[in-house]
Structure formats: structure tokens, C-alpha cells
Amino acid sequence: MIFTSDNWAGAHPAISAALSAHSNGFAPAYGASDLDLKVEQTFNEIFEQQVAVFFVGTGTAANSLALSAINRPGGVSFCHREAHVIADECGAPEFFSSGSRLVPVNGAEGKMDPATLEAEIARFPEGFVHGGQPMAITLTQATEAGTVYQSDEIREISRIAKAHGLPLHMDGARFANALVALDLTPAQMTVELGVDIVSFGGTKNGCWCAEALVFLNPDMAKQVPFIRKRAAQLFSKSRFIAAQFDAYFENNLWLDIARHANAMSARLQAGINSSGNARLAWQSPANETFPIVSKALAKQLTAKGAMFYEWSPPRSGSHLLGEEEIMLRLVTSFATTSEHVDQFIDLLG
Amino acid sequence: MIFTSDNWAGAHPAISAALSAHSNGFAPAYGASDLDLKVEQTFNEIFEQQVAVFFVGTGTAANSLALSAINRPGGVSFCHREAHVIADECGAPEFFSSGSRLVPVNGAEGKMDPATLEAEIARFPEGFVHGGQPMAITLTQATEAGTVYQSDEIREISRIAKAHGLPLHMDGARFANALVALDLTPAQMTVELGVDIVSFGGTKNGCWCAEALVFLNPDMAKQVPFIRKRAAQLFSKSRFIAAQFDAYFENNLWLDIARHANAMSARLQAGINSSGNARLAWQSPANETFPIVSKALAKQLTAKGAMFYEWSPPRSGSHLLGEEEIMLRLVTSFATTSEHVDQFIDLLG
Amino acid sequence: MIFTSDNWAGAHPAISAALSAHSNGFAPAYGASDLDLKVEQTFNEIFEQQVAVFFVGTGTAANSLALSAINRPGGVSFCHREAHVIADECGAPEFFSSGSRLVPVNGAEGKMDPATLEAEIARFPEGFVHGGQPMAITLTQATEAGTVYQSDEIREISRIAKAHGLPLHMDGARFANALVALDLTPAQMTVELGVDIVSFGGTKNGCWCAEALVFLNPDMAKQVPFIRKRAAQLFSKSRFIAAQFDAYFENNLWLDIARHANAMSARLQAGINSSGNARLAWQSPANETFPIVSKALAKQLTAKGAMFYEWSPPRSGSHLLGEEEIMLRLVTSFATTSEHVDQFIDLLG
Amino acid sequence: MIFTSDNWAGAHPAISAALSAHSNGFAPAYGASDLDLKVEQTFNEIFEQQVAVFFVGTGTAANSLALSAINRPGGVSFCHREAHVIADECGAPEFFSSGSRLVPVNGAEGKMDPATLEAEIARFPEGFVHGGQPMAITLTQATEAGTVYQSDEIREISRIAKAHGLPLHMDGARFANALVALDLTPAQMTVELGVDIVSFGGTKNGCWCAEALVFLNPDMAKQVPFIRKRAAQLFSKSRFIAAQFDAYFENNLWLDIARHANAMSARLQAGINSSGNARLAWQSPANETFPIVSKALAKQLTAKGAMFYEWSPPRSGSHLLGEEEIMLRLVTSFATTSEHVDQFIDLLG
């Protein structure tokens, strides 16, 4: 009953097998192997157009190099107040982009509110050198709250980005979970909605270590080969990432894994809803579930072997907790089974 | 007959098997798993004292974060003119250390000449704010020329470092190759000679992606957890690095691999020496060999399937080439076989 | 009737005369002249202890180098939401401190609320590498709202800083205005209250260009000579700053100027209070005044030659404006005369 | 007899008087005053075309922001081995340009040798991500050796720059000294020879603190307003720089000062040549003179009140000193008189 994080799982057996299969033999280093090139081509197919793809080692790297690539002096990027870039990356995005700033934007359930976003951008009038200048909008899909932006919501944020001449970045550490929740194609969730850059995550969805920085507008990527190398993110045996992605995309494994993880989260939410002893802070279609329980029950759950993190409000809105209540975060992955879920629900009593 | 680089090899079968074996089950992320902790303990044993170990993804990351950790404003680090940090890292060490500078030091066969090193340091007198201030000495062991610093040579550089109050960093991307070439223990090659920080490489010696930044003086490492995370080098499923190192150290696999690679290089050098059609630029006890051949022969070798890089002088000294000659670099690894070597020697005629 | 900013004034005649008087003759460059050393000694006297002083060219430089000197990787500094460092320096503090972050803290009338400050610091638990780590608290004295922290208020913030092991920086761009408003000595307003570093401003208070970065704890300043030079803030003819400060401190000119500017602001506030056509957003004892007037009146004032900036709420609290009202900012300086003030008050009708 | 540096002089009386004259009255801050705009227009006239001008506080700032504005990731700039940017700026250019690297180029008498420059650039083949990428060429005019690049020499370096797509920057800390030595117009020495950016220095030539970063190609300057503010180089009372430049250009004062300083240096060189006790290391048409004297004589000179810096070879070539000889550097300025010079020559005996 381990629901701490999707990165507590190891690697999916098919990913692991592919990595072993590719461990033999010589191949050009630094991303020039046939396998690397094949996987780059797969990305073109997935996004239904020519893209510029760069494998990197961590989601933080993908996000940080995205901002580094579109960096402006005195630059200000806008993200949700709880976004990973601002809450969980130890200042890496700022470090890699010469001290650019992240401005937190409020919004319910992990999603930026468009009107609030507009108001925040308006604080930086064009040419006012003292305040700095807007440089990007970054949204997280699926969000840190397990929710997903609907197509219309992305389109609205994209409209704001275009109106201000700002590139739109999508932190897709849980890209696949959002995709299957929305039942969209990658191009539909990005290209068609005006997204410019995607941090495309594989690690949380069954890989060991496979992240890709994808520029849907390859013109933005001209300096990225140097930016990546300077950032110590060019891997010599790059095919160890390519091999993971190769298996990941084979027969749509990535979508199957994401559907499974989301289903496990839905099963948790259904169980919580029907339990009399817990309630959901909000509905979350991706692979994270946020129940509110009594502190006493939380202790019992832990004592009986359930593992999870407490989640402290204010988080994604003003979900008032009773004095004796706490909010939990439960994350599911390819490694979560129905038995884990049902066992947890049983513990709720 | 692929001698392009040791990073064209994949992963050693034992490394690959360990990675598979550890892919199942849940474990704490970000380096807190039992396996991570076990491997950290192994590093203590290898260096025969308490060390501070940080897994990172690339050798460039290890080198750059080492310099970042001991960073001084206006800082100047000293390295050999052909060192990887200055020649092959696209400015990553400078980028990660707020624009500190690398000063190239001359010396034969890839090794800094101590007197030249002293002279370069002397260009930065204490307190002269215009020139900047010395901040570190970094040596590469084994060197980019396939040579190794002898104990006395390291001791002399270490003496210079101590005399100027400078930390001594060792870029050990090929640490194991040097170690077995010298027949020393890790502690003998570092701690006992006054080395403070080691970039401990596993990737070139049979791993997929396993590098460790090791502080022999853990006091220097206090800020490194934040420095690493800010550098996007903290891996969520860190155990995929730990698993590789675990197998790497098991039954001294790492030393066996290094001995094999060095032996293949020695076999190449013996063959070249006895061939009438090539000569060695210099002797190199680690896993790189530098023959000088006629341009015509080089073309023939390539045509018959041998793969290698041309190496252009001036490289590690004034090895005058005849007008129709070129220098080659041949690198061996766990994946190099005697057959590869003998086939190459045969081609020399 | 120019109330736009204290930096629209030129230089006080005594400052200007001193600069002329020192323009002749040779003197050591880069801060080594007798005059530089004399002024450094004056700073020791003013703060009643040995301090480390560094002349720089702008207040933004002083603030940014202060944070650069106490920089931590993944560092987070806390300031008021409207502080100059976060609102008006185009990211310079972040740029100079390797991408460290400024976290805005709410509080009425330009002053951080201590409980809110504590709550913000608590968001960064010790050792939690993902969020980053607290690195400094910076308060502005006088504030951007023309208010001043009382001794007890500084003491309380200082207590919080010490409890978390954080250096306390004071942005004293309007240090003198605060000092005379509180009727304290410099040591009483800083050393005795636990302030560690002061950005000591002369420019807004009658100098052309004279700012000093003062470390009350000189141990924190060991690397600052290099930090300043690397930041392009070491002036060759440094005595042109020293000469200004020399005149500034002579016969307490600086305090006289500040008293005059504050008095002009008080006169404005008294006039506004007795006028029936304007009201004060809040009382402000330093040299800035914030009246609320009707939009129609604001237009009339401008038409009749008064110059000022509109100040948009939310600014220092929830001062609700009527639909037809706006808030103005009026700044006074050595160059403001009673006639300017009275003429403005007359225009209020 | 003070020949230590041109920055040991104060301000020229006309500069000082102008500063006083402009100290009264209110004017828009941050470079928006009429005087600022007038001086910007003067720069257009001087360069005979529309330029983008940015006042900054130090020559190091001008050089560093020039490189910051044309920054490339993994960028490498080429300069003479003894250029101020690499020898005397404590890493500021690297710091402000995200860790870009300066590569020293050899050449006699302070000037880059074009063939050597070509060879250094060739070390960074296009698209080879490991080595980094060329980003700029920067030449110093007049050089640190008191020499000046002839038109043809600049044209040749410019040709190399254009051939590699590199912007050409001129560090003109002693721009005026070079200009009058060559008897060229500013446009002839820059625009017509393909220079893109000039660090235009006033400080060494009689100002207190007046440096301008001039983009002859204004398109390169679009981000510079933000780059300058982020660098803490936007002065609030910017007119104190404008006032200096205004007087500097009035009636060609700047050229008169430079002619005087150069003439004083020529007088020194003539005296040294006719003296039997000293010889010139090389002829230098600008305002620096480099005699070689016996150590004994140097001591006598100092004892009798002459002040200068010793200059250590290897500096600008292989000027072999006898065992008992040293090289001196003598710098002249507006404040140097014929009497100073003749007194010094007399001491040579």
C-alpha cells in the first residue's frame, strides 16, 4: 500500500527488458546512435509534425532548460502557485535562466485562473525596465493536484500567451496521465492548442530515467544543443534513455500505463467517496488522489502499513479542514495494483 | 574494431542484470532507498574513511558541481590544457560556478608540469582584485592522453595546492583505469596524496550512467545537496544509479573491467610497436592508445572497418608528424576483445 | 512642484562643491586614496564599531551584492511584497546571487508582518532540498510607503532572523530619512537591533551617486572585494564617491537634508489633512506622502504644473478607493521648498 | 611625477564645472532628462549614424554588458592575451555572460595576430557541442601596451569576424587616445571598419565616471535596457554622467585632452630614447610608455619621487630584459604636465 509517489516505483518490466536488450554492442555516443534517431523520429510521429527533441535526465532539467532556451534578461515566467517549477525544484529554473523570476498565479485545484494570470502579467507593463519583463507562461499537465486542464482551458491560457508574445511551456511530467484522462492525441493537447514547448516525462510513468524536452516550434531550439551540454545534461550513452523511450512508445505502452495509474486513482476515489470516514478534497482524473481524513484515522492507516504524504492546505484552494482533520496525497503508478487500492479502502473502514 | 571511445560500449552484462533485478518493487525516491544507502556505505569502505557521496548523471555534472561547491568570486581553477573540463564540457564548469575561469596549464603527455602550474598560480597574487583569485586545482586521472599521474606527481601537485590554500579535485572519469595501472588502492591514490574531491566515473568503465561526486573532506560538501538539486542532477529514481554501482563494486568487477580495458590497450601498443608501419606518440598505461600512421594507412584502416578518431597535434606535447602522417586515438573498454585488437594490428600489416 | 521622486533632484550644493574641490591632483585609484580611507573611517564612527564598507554606484548594486555575499544555493530571501528589491530592480538581486529567490511577505503600510514572515519561512523546512533554503531577510528602512519600522518592529524581525540563522539586511536607500524620523543613531537603528548588512544610500538624499554597502559584521564581507569587482562596481576614480560622502557627513549635512525632506513631507500631509478635497492613504513620517484624490482633481493638479506618479492599489494594504478616486505618491527632497509644498496645497483648493 | 595610471588623475576642470552647473534643478531620472537625450544625440553625430547608447559606471561594466548582450550558450570570445577584459576584470565578463569563456590570443605589442586569431577560432568547429561555440571578438583600442591597431589591422580582424559570423567589439577605454593617434574620425575607426559595439570610455580621459556602451548596430541592443538594469548599471541621476559627456564633447575637449596625453607620452619616449640610461620596449603612440631601465635606476627614480608600476614580461612579446633590468609602465593624462615629464627625464641622467 505505497502511495507516496509514482517515483517510488522502479521500472516497468518492458522498459527494463528493452534496456537490457540494448546493452550489448557499440553505438555512437551523445545521441547519434540509430536508436536515438529512431526515437527522435517517433516523437515527430507522436506530435504529427517535425519537432526538436532533447533527452535529459530529470524533469527539473527539462523545465529549467526550457526556460533557459527562451530566457530574457529581467524575465518573469508565470506558473501556478503550486507548480513543480516553483515549489519543488530548488530554484533550478531560476539558476539555469540567469536569475529569471517565477511569479505564482492563484487558481483552484492546481490550475491557473486566466483572469488572475492576466492581472499578474499586467503588473509588468511593456518597456518598464524596473519591474522586469514577461518571458513565458508555464502550465503543468496533469497538475500537482491530480487535475487536468481541459482543452478550452489550455486554449484560453494560450490565447493570453499569444496576446503578450509569450511562449507557452507545458510541464508534462505526467503528460501521459493527462492525455488519457482527456482522451486526446499529443498533437491535440499541445500543437493544436498553441503549446510551444513540452517537458515530456517518462520517469513517473514507468521509466527509470527518461525525460525529453520537446520544442514544437523547432526554431526556438537552435541554441539548445549548447544549452543542454553546458547544463551537463548531454548523456554519453544516450541510448540508455532512447532504449527506455523506445519500449515506452512500443504498442502504446505509455498510454496503457497511464490508463492503469489513472484507473487505480479513480478506484481510490470511488472507494473514498463510498466510505463514511473520508471525503475527497476534489475530484482528480489523473493519478493523484487527495482525501481528507481525521488525524486519528491517518495514524491508523500508517500503523497498518499504508504509506502516503500529508498534504497541507492551503493547497489548490481553500479546502477547510476540521480541526482534527488532515489532507493526504495518494499517488498511483504502473506498480499499483487493485489489491493495494482495495486494501487501503478496507482500512478506511 | 570500434576504438572511437569507451562510451560507445553499452553496459556490462553484470551491470545490466543488476539494473533489471532492482527494477521491481517500491523504494524511497531521491537517494533515500536502502540500496542508495548501501552504496554510499561502499564508498566509505572504498576510500577507507567517511566520505560525502552524491550520484549525478554525467561526468561533466560531477566536475561542474565540484567546482560549484568550492566556488569563489572571480575564481580561477587550474587544469591541464587538454583536460576534459576545459576542452570538452562546453563551458559547464564555468556556467555552474558563476563564471569562474579555467586556466590551461601546459605539460607533456596530458599531465600538468608542476613548475608551469606554480608559474600560472603566481600570476594571481593574493588580494589583487583585478586579476581574480585562485580557487582550485583539478587534475585528470587517467589523463586524456591515456597516461597516469604517478603518486609522486600527484603529491607534488597536492603540495602546491596546499601551499596556496587550494582544494585539489581529481576528474576520475577513468579513475579505475588509473587505479589498476598504478596498482594502488583508492585511498592511496587520493586521500593519502591530499586529493579533496573526486569525480568518480562508472559510465566509461561499463555502466550506463553512473557517476559519483565524492568529497573526501565532507565539510566541503555541506551545501552540495542544494547545489545538486539546483543543478537538476538529483534523480528521483536514484536507485537506478545505485544499482549500477552496486554491481560495479560487487567482487571488484570495476577493477576487473579496468584491467581488461588497459590490457587491450597494452596489446594494441605492443602490436603497434612491433609493426613496422606505425609508431606510438607516447606510452599510455590506461585504456587509450595514440599511434602515428601515414594518412594512406589511416584511410585503409577505415576502409577495412576500423573506427577511431583522428587526434590533432599539438596535443600533449610537440610530437612532430611527418607531412603525410596523422595521429589516431584508440580507446578500449570492457567490450573490446583480443580479436578486435589483433584484427586491427593485422591491418597495420 | 515636482514630487515625482527624490532622484529627480540633482546634487546638494555642498556635495557638488566638495566634488569640485577634490577634482584636482593625483590620488590612488580603486578606493585606496586618503579620502577613501578617511570616509571609511567615518563609517566606523557613524556605526560606532569597525565595519566593512564598499562604495558602489547604485542602490540596486548595494542590495544585489549584499545578497550575493550571503548567497546560498537554492536560497530564498524574504522581503515585503512592495520592497524595492522585488518590485524595482529587474531581477538584479536574483541575477547577482545565482538565481536565488525573493519571497514576498505581506504587511500593512510597507512593513512585513512578523507572523506572516514566520509563516513564509516555515514553508521551507530545514534540509528539504526540493523547496530550497532560507538565506536572508531584507527589510526596507524607510519603506517604499514612506513609513518606518519602529525599533521594536526591527527587533522582532531580527529575532526571527536569528532564530532561523538568517542574516538581516536593511535596504537603506532612505536610511537617513528613517533615522531622523525615529531620532535614533545609526548604531541604535542597526547594530543594536541585530541588523547585519546595510545598503546605505546617499543618492536620494542629496548626492549624485553615492551608495555604500556596509557590513556591520565584517566577517561576512571577506569575499566582497572580489564580488564587487566581478560585478563591475569597483570605480577607478573611487574618490568621486568618497568626496560626496565626505561632504555628506560633514557637520551632519545628511541628517539636516533628511530632516528637511521629512519636514516637507509632513507639511504636505498636514495640508492634505486640512484640505477638504484629499485624504491620506496613511501617515508616513519619512519623505513620501500618499494622498487619495478624485481623478478630476488629479488632472487639475497636473494641468497646473504639479508632477507626481499615480500609485496603484493594492499597495501596502487594502485602501479602497472610490470609483472616481486615485492614489498619488509625492516625494520630497533637499530640493523641495516650502513654496513648492504650499503651492501644491493651494491647488487642492 | 605620477605616471601610475590615467585613473589617478581627478576630473578635468571643464568636466567638473559642467557637473556643478547641472547640479541644480529637477530632471527626469534614469536617463530620461533633456541632457541625457542631448548627449545621446551627440553620440549619433559623432558616429555619423543612429546608434544605441547606454551610460554605465565603469569600463568593466561596458565590456561585460557588451558580451552579455551578444551572449551564446557555451560561448567563446577571443581577445589579446593581455587585454583588460581577460587580465583586469576579475571575471566580470564571464560572470555577466553566464560563464562564457575568454580565449587569449597572442600577438606582438598588445595586438592580436590575425593568423593566430584564425587558428584559435578554428579550434571551435561549427556544431561541435563539446568545445563550445565562438561568440565574439573583442579588441582593445588603444591597447594595454599603448599601441594602436592601424585601420588595416582592424579591417583584417573585422574580416575574420564577419567570416565566422561573430560580432566585433572594441574596448575603447582609451578610444580617444587611439583616435587622435590615428587621426581618424570615430566613424572611420569603427563603423567603416566593421566594428559592431564600442565600450566608449571617458573616465581615463578626464571624466570622473563616464562610460558609454555604444551599439553601432542598434538591432543588437534590443534587450540591453533590461540587461543594464539587471546589472545594476542604470543610474537614477543619470544626468551626472550626461553632464560629464556634454562637457567632454563640447568644443572637442575630449580630443584635446587625448592629444595632450599622447603628446606627454611622446615627450617621455623622446627623452628616454635620447637618454643613455634607458631604452623603450616598443614605440607606443597612445598615452602609455614602456621603458626598460636598470633595477638600480628604477630604485633611484622611486626614491626621487617618480611613481609608476613595474611591468613584468612576458608582456606583449619577448622583450628580453637583462638580469639587472626591469620594464616600467608610465601613463599620462590631462593632468600630466611637460614639467612632470622633463623632471622624470632629468632623473634618468
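Letters are used for the chains, namely A, B, C and D, taken in the order the chains are written, and counting of residues starts over at 1 for each.
Simple rule for what comes next: contacts are C-beta pairs under 8 Å (C-beta built on N, C-alpha and C of every residue); 3 or more make two chains touch, one makes a residue touch a chain.
Everything numeric here is computed off the predicted structure, so don't read it as measured data.
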Neighbouring chains shared between chain B and chain D, ordered by label: A, C
Interface sides of chain A and chain C: same vs different residues, half threshold: same
Far-end chain from chain B, centres as C-alpha averages: C
Rounded Å distance, chain A centre to chain B centre (Cα mean): 35
Inter-centroid spacing, chain C versus chain A (mean Cα positions, whole Å): 41
Mean-CA-position distance for chain C and chain B (Å): 50
Per-residue multi-chain contacts in chain C, two or more chains: 30, 73-74, 89-91, 95-96, 98-99, 129-130, 132, 226, 229-230, 234
Partner chain A, residues of chain C touching it in the complex: 73-76, 87-91, 94-102, 129-132
Of all residues in chain B, those that touch chain A in their complex: 2, 4-5, 7-13, 15-17, 19-20, 22-30, 56-61, 64, 89-92, 95-96, 203-204, 208-209, 226, 229-237, 239-240, 335
Sites on chain B touched by chain C in the complex: 30, 68, 72-74, 98-99, 127, 129-130, 132-133, 223, 225-227, 229-230, 234
